[in-house]
Structure formats: structure tokens, C-alpha cells
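For reference, the structure I am asking about is given below.
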């Protein structure tokens, strides 16, 4: 036993010595070698090939995505403000929402899914998407499935949690509202494990699927999506809002604010001046010059911002 | 000025005022237009055409501790006159805003900054008024500044970061508005010391001056930020020393502002060889230091061509350290290996 | 010296004199100052490492740590001055005066005598290093027999000795830069900074890895060598590291018959009672237990774990 322990100790110490060796190398000779390469690179940088290579590297996933997000720390003395660094951003953020790791929608569509289709509203819609699950607005469970039950799930774990609203600053909940439906006689979340697994399998097998299989998967994944999403006024209305705000933990003050005349009035103005067709999403904006590529027809089976690009690619 | 929130005929101005008065405390003085109704949401964001994230969230708590906390949203975002609004245009920092500058009693503006900048080494135009080569690299306001935050100090008992409540109590004797007292206290004490920590200053300058491409394009000899970090000054800045000199302490002429910086070859510059000595032996730094003390390389680089002496001297120590320790590590390793199998050997001496 | 018998016998075990109290106190002060200096200096050298703020905070952060560093450095330099004085004192008392008394003093002879002092590196050290390499590469099973001070100990002594000049001088200059630059050019401060920090890194790593391994963490002495506290070394370690000196001392002190054989080294020293004639001799590592005294077995176990 003693002998074994001794041998183990020796082995561990040997590993430590190798580790020290690496540290020492990095602290000494590595600097000299690094300087040599840097100096050489600086002298030979302007060849055509190296420039082309560089341009290519600049557009790589690693450069554009992985290395693009930086964080800064402001040392204020009484506190350290750490936040995401956005180039040219003037106002301070001081708050990290964190991505939704649970939603199977955002695994393709992202956490800021609303894009050019809803140009004037996209920021508003994205803002709501930070605390309202996609299915809350884009699925309308009908008939037996409809329950009117909504709950919060954690953006981090995906689990149902008690209402985070309370006195938290608006929109900073790190949780999302998800509808519940009746399935086979029991009350379940609309994003059932079966659906999550289905999407996961699709994403895993995507490369091997045939055209038919691919389109079929997409159609099945999106079949929960309703033709007309829930629109602003269905919730921002003092009369019978779609979401049971009180049940979701909103205190009266907040419910009043959400359904207040100013919010509702603003939405009215939006619908009147900015988005006359807001009640018919998917239909192009008649005065918007960016949109004419889209069909001026009744919406396809799902809202366009949800499925257009992937389907295009799948069929093309 | 109030924004006309609801242009529709149904909403009278008076009704709006009532609504504003009834709103809870989070409505700050700066947010007369109730912009935070939407902009308080951290998720108010989108990805623009070129794939960059646009975040429209304004953190009110932090904004209220910034030097602009008294400026109304529309004071800078002047193109926005109603809610809802079109995508906002970029803010013109030089605009005349609605704050009255108390000494001149004129409306406040950052216009003088432009005059300073045009004179300085960072201007877009050269002396003849022609655009410089690569003038797009030259900094504009937001390249160096985000919304400057207050860094209040307390002096009453000891100098420490933060607000001295005893001092605020004295203000309250004569001044009534809590908001004014808070801002005035913050403004004064922030101005009495560095408005950014040396580390943050070095980072701000390093955004360009540590950018390899830019340094090369503009014919600069060194990476200013990273070489600063090689000196005691930069290292202490890393450890959040506030009294250590950062870029601005040496490169800005005493009594002038950061916007009036000149190149090293300009005789007006504080870092011109003739003026250098006076920076180092200023009363706050190294009083009584000789002029040749300023020959100290504050931007030493480990580069054989740029500073051969530093290169060879450092290399000597690298080789000495590595050359001593690595063989010793090898012996150590072998010694351990030998102890692993103490009884084995090729040749035995009997 | 009567004050320190060359061999002390405690509970039947022999212990061999190494360092007197004066040296031990010098060593402890040196060790303490080195540890403090390294800990309060390295966070500055590696100021962007994640651990540096925490370590620095231990010494009062940027406002206090430099002062701690300077005071400790001053203590260390004082100690070094004392040590130099001590060296001259020893040479004067133990070598110069006796030669004078005997009337054999000439400058040449005196110089030779000083050069033959046990701490001065000599050709045997070179031979020992070569022999050690043979042993480490499994070429032979015989460890070189160390004299009173082995090459490792001489290295451990002279490396910091040289470092003390470099670090001490550059440290003093950086400390009093305004004063020194009245004479020397400002660029020199850069060199001092490089020399100070790089040499300190060398010294720090050298002491905390190499030196500590040899005196504490090696399986022969693990978990801790005690000679720096007691001044006496156990017979077993004496055999392992300083066999040549061991034999000399044993003979001089009249224990000729009790001289243990050298051992093959390794973590299980195998001293046996077969008395050889000093120098490299037999080592029967395959059958150690039969010839070993039970006392030794107990001690080995303690040393090995």
C-alpha cells in the first residue's frame, strides 16, 4: 500500500513537473519564438495570397460569430458595471437576459426572430419574445385543446417556475410564458417532450433526409403554428385580455399599465399610421418599398417570418 | 417640452399630463416623453440588415447615474417628435441641447469639442484642410465615449469611492430638490478625479492603438495599449490603481482637454521630446526627477527591430531563465522516473 | 566545535551536524522574505492574470503591497549584507587567523585554501553531475557520493547569491528612480525593471520547484526536511546524499565500524550492515530486508510516505 501510494505520488509529481516545464517554456522561449514570427509576419503581410486568406478568415464563423461578442467592465469605484460590448452603443445595458436554451423554435429562428417582414414592429415583437414563448402568440389551440392556461418557464432550465414578475423590472424575468393544452385528456405544456425530440431528431438527421422527408418534417414541426398570430390588442385590452395576467403573477399596477390607455392608444396609432395591415400579418405593407418581393396574397399556412427562408432553401 | 404622445384627436394634452402624473415613480425627469414605456424592456432589440445587433434598451437606473441624466431623451434624439416613431437617426452630439449652461446662460452644446478636435492629431483633416488619408479611422465621439457615468467620491472622513451622506445632508440645508443635490454632488466629485479608471482609459485608446491594422496604416511605431501594460504604470492600472498615470495623463497638455492632443513631433505636444521631462516630474508624479528620467521608455516593446536593446536584454533573461530551469526540470523529471523503478539499471557495479 | 558535535546520538540514531544556529536563522529570514517578495511582486508582473487581484489584495492591494514589497526587500538586502559580513568573518577567523598563527600564510596558499572551502564549486561537482546523469538514465545503479555540500546545494546557494546582486541592485534603483536618474539615463530603468522581474521569476520558480523538491518533496524526505530547523541530518539521508563526507565524519569521530554501505538510491534506501570500505561499493537492492535493521525499516516508511 505504502509502495503504491509512493508510486502514485511520484507519477503525480512527474505530471506536475511537466506542467511546470510547459509554464516555463511559455514564459521564456515561447516569447522569443512568438516575437520572431510576429516580426516575420509583419514583413510579409502584403502578398496577395495572404490578404485573400485574411479576408476569408475575417468572414469565418469563428471571426464573425464566436469572436464578435465582447464584454466590457466599467470601474466606477463604488461598483463594477460589466456588460456586453456593442460597438457604437451609447447607453449602458447593465443587464444580461441570456439566451433561451429550451425553446425548440429559437434553436432555428434565434432569440430575436422577428425580422424584416414586420419591419416597424420587429423590435417590439422581439422585446415581447424575451418573455413570451413563441407558441403563446403563434399557436392558437382550438376546440378541445384550448385551455386558457398559461405558465412561466425558466429560460435557463426550461422548467415551469412560479411567477417571476412580482417587483422585477418589466421584461427582466429570465422566464417566458408558455400555453398549456389538453392532450389525451391531460393538461400539458404545448411544447411537449415529443415535439422537442422531433425537432432535435430533425436537426440531427437533416443532412440525410430526402426532399420529401425534409418538407414533411418542416410541415409537421410548424403545424402547431396558427394562420393568424395573436395580435397586440388581444392582450393590451382592458376587456378580457387573452393572457390571464393576474394568474401569471402580474400585480394589479402592472396589469393596469399593460392594459392602460397609453399602451392601447399607442398600439392603435401603430395600427393606424404605421401598420395598417398589422391585423393581417404576412401581407405586405402597401407603402413599404422593401417588401414588394413578397406575395400580395393571403398568408400561407404559417406566418412568413416563421417559415419562409427554410422552406425556400429546402425546395431549392 | 413634452412629446405629443398621441397625435390622434381623442387625446388631449391635458389628459396626457394627468396620465403622466399618475404614473409611478419610475418615470424620471429625463423621460418626460415616457420613452421608457417601451425602452425599459431589455429585449427591445433587433438584428439589422448587416447582421449587427441593435439594442434599444435604456437601463434607467444606470442612465440616471450618468452625466446626461438631466437631458431629456428628445434632447439628443431630436428627430423623434412623437410616439410611435420611425427608426431613430444617429444622434448629433454637437447639437445645441435644451440644458442651459449656467455661467453663460446659453444653451449647452459640445460644439467646442469639434474645434478642438480639428486642431488635434485625431482630426480628419490636415493643416491645409484636406481630408487625411484613412480619415475614416479617425475617432468620432462614440468611438471613445459611451454615456459617461458618474464616479462620485466621498471626502468627509476619508477619500473613498461613493457618496458621502453627511455631505449630502449639508446640501439639503439650502437646496430642496433631491434630484439636483444628487446630480450636483455627483458632477462635482466626479470631476475632481479621473472620470474613468486608468484601465478603462487604456482600453478606450487601445481600441484603435492596439489594432494591428490601424497602427500599421497610420505609420505608428508601437501598439500603445499593450506596451503600456508592460510598464509598472500599465500593470498597476490592471490592478485598478487610480493614481497611476494612464494615456491621458501624459498625452494631454496640462490644463487642456483630451480633445486637444497633438502628435509627438508637434512642439505643442506634452510628449514632444522637449516637453517630456515636465510631465514626469510634475508635482503629483515624480517631483525632483531629472529631465533624463523622462527618457524612460513608457512604451517598451519586445521587438528586435523597434527596440534592439530591450530585445536583447529581455532575451538574455529569457534564455537565462529557460536555460536554467528547463534542464533542472528535466533532471527533476528523470529523478522522479528513477525513483519509480529504483532497482532497475543496465549496468550493475558489484 | 564543541558547541555543535559533528555526530549527535539521539535514541540510538546518529544525526550529523550541518548548519549552526546563525545560519539557520539567516535561512529562515531569507525564506520568509523571499516568499513575501514573490507573493507581493508576482501579481504585478502578471497583472492581467485572473489570480493577481486576489493575491495582491492579500498584501493590501495596489496601495499597500508596493510598500510591503519594499520593506521586505530592504530586510532581505540587510540580511544579505550580514551574510557577506558573516562569510568574511568565517574566513578570517577559521582560515586567515589560523594560517597566520601557524606562520604558513602566503597570499597564494590563502587563496587556495579559500577556493577549497566546501561551498566552492569544484571538479568533483562536475563529475557528480555526470555520474548522476548516468544513474538517472538507468545506465548504472550507483548514485554519486556527495561531499559535504553536493552540487545541488551549491547551485541552490550560488544561484540566489547572484540573483541577490541583480534583484537587489535593480530593486534599489527602481525604488529610488528619481535619485538614481540624476546620474544614470532613464532608459536604464527599463532594464532594471526587466532584470528585476525576470530574475525574480527565475529565482521564484527555482526555489519553489527545484529547491523545495530537493529538500522537502522528494520521496526521500517527504513530507518535510527538518535540517533547516534542527541543523542536523539523519544518517539515512546523510548516506544517500553525502556519502563521501559521511564516511569522513564517521572515521574522524571514531565510528569506523558502524559505517553503513552506500545504497542504490531510489525512494527506498537500502542500507545494510555489511561494512564496505567507503566509496562506491556493493548495493544489494534485490534482497534488502534480510540485512536491514528494524529501526531502519521504520524510518524508511516514515520517509517514504
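Order of writing sets the chain letters: A, B and C. Residues in each chain are counted from 1.
Methods note: a contact is a pair of C-beta atoms (placed from the backbone, for glycine too) under 8 Å apart; a residue touches a chain by one contact, two chains touch by 3 or more.
This structure is a prediction, so every number in the text was calculated from the model and none was measured.
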Chain contact graph, described as a line, ring, star, complete graph or other shape: complete
Centroid-based (C-alpha) most distant chain relative to chain B: C
Between chain A and chain B, centroid-to-centroid distance (C-alpha), Å: 31
Separation of chain B from chain C, taking each centre as the mean of its C-alpha atoms, in whole Å: 51
Approximate Å spacing (C-alpha centroids) for the pair chain A, chain C: 62
Residue numbers of chain C (touch at least two other chains): 201, 205, 209, 213, 219, 267
In chain A, residues with contacts to at least two other chains: 10, 13, 17, 20, 24, 27
Contacts with two or more other chains, residues of chain B listed in rising order: 240, 314, 318, 321, 325, 329, 332, 337, 339
Interfacial residue positions of chain C with respect to chain A in the complex: 201, 205, 209, 213, 217, 219, 222, 267, 301, 304-305
Touching residues (chain side chain A, partner chain C) in the complex: 2, 5-6, 9-10, 13, 17, 20, 24, 27
In the complex with chain B, residue positions of chain C that touch it: 43-45, 47-48, 52-53, 56, 61-63, 132-133, 135-142, 159, 174, 177-178, 181-182, 185-187, 189-191, 193-195, 198-199, 201-202, 205-206, 209-210, 213, 218-219, 264-268, 280, 282, 285-286
Complex interface listing, chain B residues touching chain C: 229, 231-232, 234-236, 238-241, 244, 281, 286-290, 292-297, 300, 309-310, 313-314, 317-318, 320-321, 324-325, 328-329, 331-332, 334-335, 337-339, 341-350
Sites on chain A touched by chain B in the complex: 7, 10-11, 13-14, 17-18, 20-21, 24-25, 27-29, 31-32, 35, 38-39, 42, 64, 72-78, 81, 86-95, 97, 110, 112, 114-116, 120, 122-124, 126-131, 169-172, 253, 260-263, 265-266, 268-270, 272-274
